[in-house]
Amino acid sequence: MSAQSGPRVGSSFLYDVWYVAGWGHELQPGCRTSRTILGQPLVLFRTERGDVSALEDRCCHRAMPLSEGTVVGESIRCPYHGLEFGTNGACVHIPAQDKIPSTARVRHFPLVEKDALLWIWMGDANKADIATIPDHPYHRDPAWAWRSAHYDVQGNWQLLVDNLMDLSHLPYIHPLTIGGDPELHFKTPTISTRLPNGVRVERKMPSSVPPPTYVAAAGFKGLVDRWQEIEFQPVFIRIHTGACDEGTGAYDGDRSHGLSMLGFHGITPETETTTHYFWSMATNIIRDDIPDLVFEQTARTFKEDQAVLEMQQRRIALEPGRQLVDIASDVGGRQTRQFIQRLFRAEQEGEAVVA
Amino acid sequence: MSAQSGPRVGSSFLYDVWYVAGWGHELQPGCRTSRTILGQPLVLFRTERGDVSALEDRCCHRAMPLSEGTVVGESIRCPYHGLEFGTNGACVHIPAQDKIPSTARVRHFPLVEKDALLWIWMGDANKADIATIPDHPYHRDPAWAWRSAHYDVQGNWQLLVDNLMDLSHLPYIHPLTIGGDPELHFKTPTISTRLPNGVRVERKMPSSVPPPTYVAAAGFKGLVDRWQEIEFQPVFIRIHTGACDEGTGAYDGDRSHGLSMLGFHGITPETETTTHYFWSMATNIIRDDIPDLVFEQTARTFKEDQAVLEMQQRRIALEPGRQLVDIASDVGGRQTRQFIQRLFRAEQEGEAVVA
Amino acid sequence: MSAQSGPRVGSSFLYDVWYVAGWGHELQPGCRTSRTILGQPLVLFRTERGDVSALEDRCCHRAMPLSEGTVVGESIRCPYHGLEFGTNGACVHIPAQDKIPSTARVRHFPLVEKDALLWIWMGDANKADIATIPDHPYHRDPAWAWRSAHYDVQGNWQLLVDNLMDLSHLPYIHPLTIGGDPELHFKTPTISTRLPNGVRVERKMPSSVPPPTYVAAAGFKGLVDRWQEIEFQPVFIRIHTGACDEGTGAYDGDRSHGLSMLGFHGITPETETTTHYFWSMATNIIRDDIPDLVFEQTARTFKEDQAVLEMQQRRIALEPGRQLVDIASDVGGRQTRQFIQRLFRAEQEGEAVVA
């Protein structure tokens, strides 16, 4: 493993993918919010009838942010001189003027609500295929309880991908919650696999001592069979961690009697140096306050990660192109970076990605 | 009206004009202040005898800001090693040194006090003609009462010109004070006229319901004949608004029996993205607390405008050269921008402006 | 003296010199701190055995600041994934990995503790000669009492050199403490001399009235023979000021019966526009609270200087290359700047400096 094999932190965005733009519950009917994605300021709003829309947050008349305006019926009204724009960005009303010029419109971005998430397409609108929006059934399955959050991370989005694809930092950054014994973490083999549209990293820890959060949530009395399954797709990550009593079939697909924690991590670049981190944590133990307990410990853990990413970013910003050095535990992160690099190149060459 | 007809926000200053640099009362004898105009840091000071001066705010010795120093007689003394400079920028004293080198001077800008305003010339000093400094007789006429203010606007100066030359934003931005009925505003014809050295916009609202501020100030009992007269000269605006009882001669020049509000708006670029806004409001009803009432409502109204300009600026800064789309009510603003463009070109070509 | 003779504020660093990186007492065993020098972020740490080290503050693995980590024995451990680096910057431990690649190292800078100061070499390590580290015996001589400080100055380092090499600012900036009578200061001849590796400025004030601090510290009853001796070496300054009773041999080297104040001024660029100012004040009158009294008056005085430098910097930043105008009292400062310029040129040409 040489310095030459290490990554450089990219300075580009992927465009032709569905990104998480927010949580559906953030936009009540008649409400709007301002949000920047891939450097583009947007107004997100929901009409009174309930449709959601993402428009460029800049009135075509005098550049006023539309997000300072008001939703009026099925349109958003600019606060300065009262122009109104429909969900597709076309101007539908100019005060005291009958004819609306065809140039009076603002840019519109496809926005779709699905499984409690708002998905946006920032790239070539002709390539936006609603059928390719990811599923996240845990958000609609009553057998799971979940909670959600939105963190604003002052760091490049790829740092967050690295962080989640390589859990070898757990004993160092999260000693108090989910970290556990460094020896255990480092001795566990990590298997990283390319998927048709992503990367999967897997670790098994059979017959191990359950960490404190697990005992608190599931009441384990003895050793457990643990698993960590991480799946990257552009650009979000699902992490399934959990444990069953030792030898009760966890590695044969029979896990419903144990503890499952299903994390969803929507990773959406705000700018080159800042990232929207939309995450949720679902658990299969939904009695009492277990989901809250799991969520609160997770929230604290992810705040620790956020602080790390922001410190990394400050150093990387000083010398953005400088080579880094890989170590053995980077196998999953490296495969993910290579996959992302192929997507970048494919977009730049205007080709479909051959997975 | 096509997108091509809309303005771009300029990134230039006019130099060969008199700008408002401040209010005379800001500079008491022996006092100095720091102020940046057209990107140039200045020290403004008044000598003990009463003369005003504007010098570059940077000592020629070691670049110390002279505005941190003290006025000593007819000079300003640098706080670091005690060099003193006269009102014309020449060094008049170096401690422990008899000969003063001719290079020991700082740049000087013509500054003239007139009608309570300080007028400065930032351009070619050879073209500075005191006879061309604008008059504002309302500031010296005891028949009028006036109050003044200085707002620091975080926006390009042309945004403020746009705002004042197009009052169609009143019902949207100022619904609570001077806005009134949107229908009335939009149905009123706007007449825009080129003047020898500016642009004039005029609107008449005969037989209309007076807005709350008018009733409070003038006690109107019935309908009124209203007017709005806006005059741009480089680079300030006078706005005369008011009303008389319906049919009592307001449109024939007989207005003294009604309510007149005479706004002066000195618009002085601080930098490309910030503007000094020196304004005063004079009224012909000077009894009781009417002038204060009018001023306070105006001050609140202009703060609403300031917030709008600052939001526009943030969007425009992201894509400064991007085309905007005009609408019908932009007639006065557009004519003003065209006039300003001609002044720009004339300055760049070094010619006198042919109006 | 013409404008052409004045300095420009440089935008370069000297590299091949020993700089003060801090005070030894700042780093207790097992402690680390983050510090930027010549634009380079560093972690300074002291091992448990007591060695000091300066490393690049950026882990070679994923750019995490090592200064957020912990000292473990004789190494510093990165907080993210646990890599450990020895005092020479080589990685000595990677969790769960036997072979350490030779590329796993961070840049190391020579750091030496001497006379309570930490001296660092930021330039070509082959030229770092420990024998050339300056002595400062006052820090180890029990006949002197001293106190130290670290100011962060928001200004270019050469502004601080100028300030200390030309004390003609004393009556203007420090009227309340060490300033004294402007006439006295300006009439005193200043003798500036080139030394083999620096510049020396000297002023004698025989039979003068002692300033308040002097009387308070030494109890002078009549006139005194004062001296100010300033010596610049790259890049620190020693200032010896003091006084003896008139005619008691002060100018013949017999000063132990008077008051001596020996200032050490380590001037270390943090960035082009900010400077670490490590200073100490030693005095030969060590009874009672005299050293504290002298230190506190000095600390207040240097804070006044700091404010001046920061105001200068803001003006200079606007037009960095612009010519300044010298005056007569700049003789010492000018000679120092010329000396520094020669060092710059010598470094750029890769030659040894011929003094």
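Lettered A, B and C in written order, each chain numbered from 1.
Assume contacts are C-beta pairs under 8 Å (C-beta built on N, C-alpha and C of every residue); 3 or more make two chains touch, one makes a residue touch a chain.
Bear in mind that the values here come from a model prediction, so they are computed numbers and not experimental data.
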Taking all residue numbers at the subunit A/subunit B interface, are over half used by both copies (same) or under half (different)?
-> different
Roughly how big is the turn, in degrees to the nearest 5, that lines up subunit A with subunit C by CA atoms?
-> 120
Distance between the CA centroids of subunit A and subunit B (whole Å) is 49
On subunit B, where are the residues touching two or more other chains?
-> none
Hey, which residues of subunit B end up touching subunit A in the complex?
-> 1-3, 9, 159, 162, 166, 168-169, 171-173, 182, 185-187, 308, 311-312, 314-316, 318, 322, 324-329
Hey, which residues of subunit C end up touching subunit A in the complex?
-> 41, 57-58, 60-65, 68, 79-83, 94-97, 101, 103-104
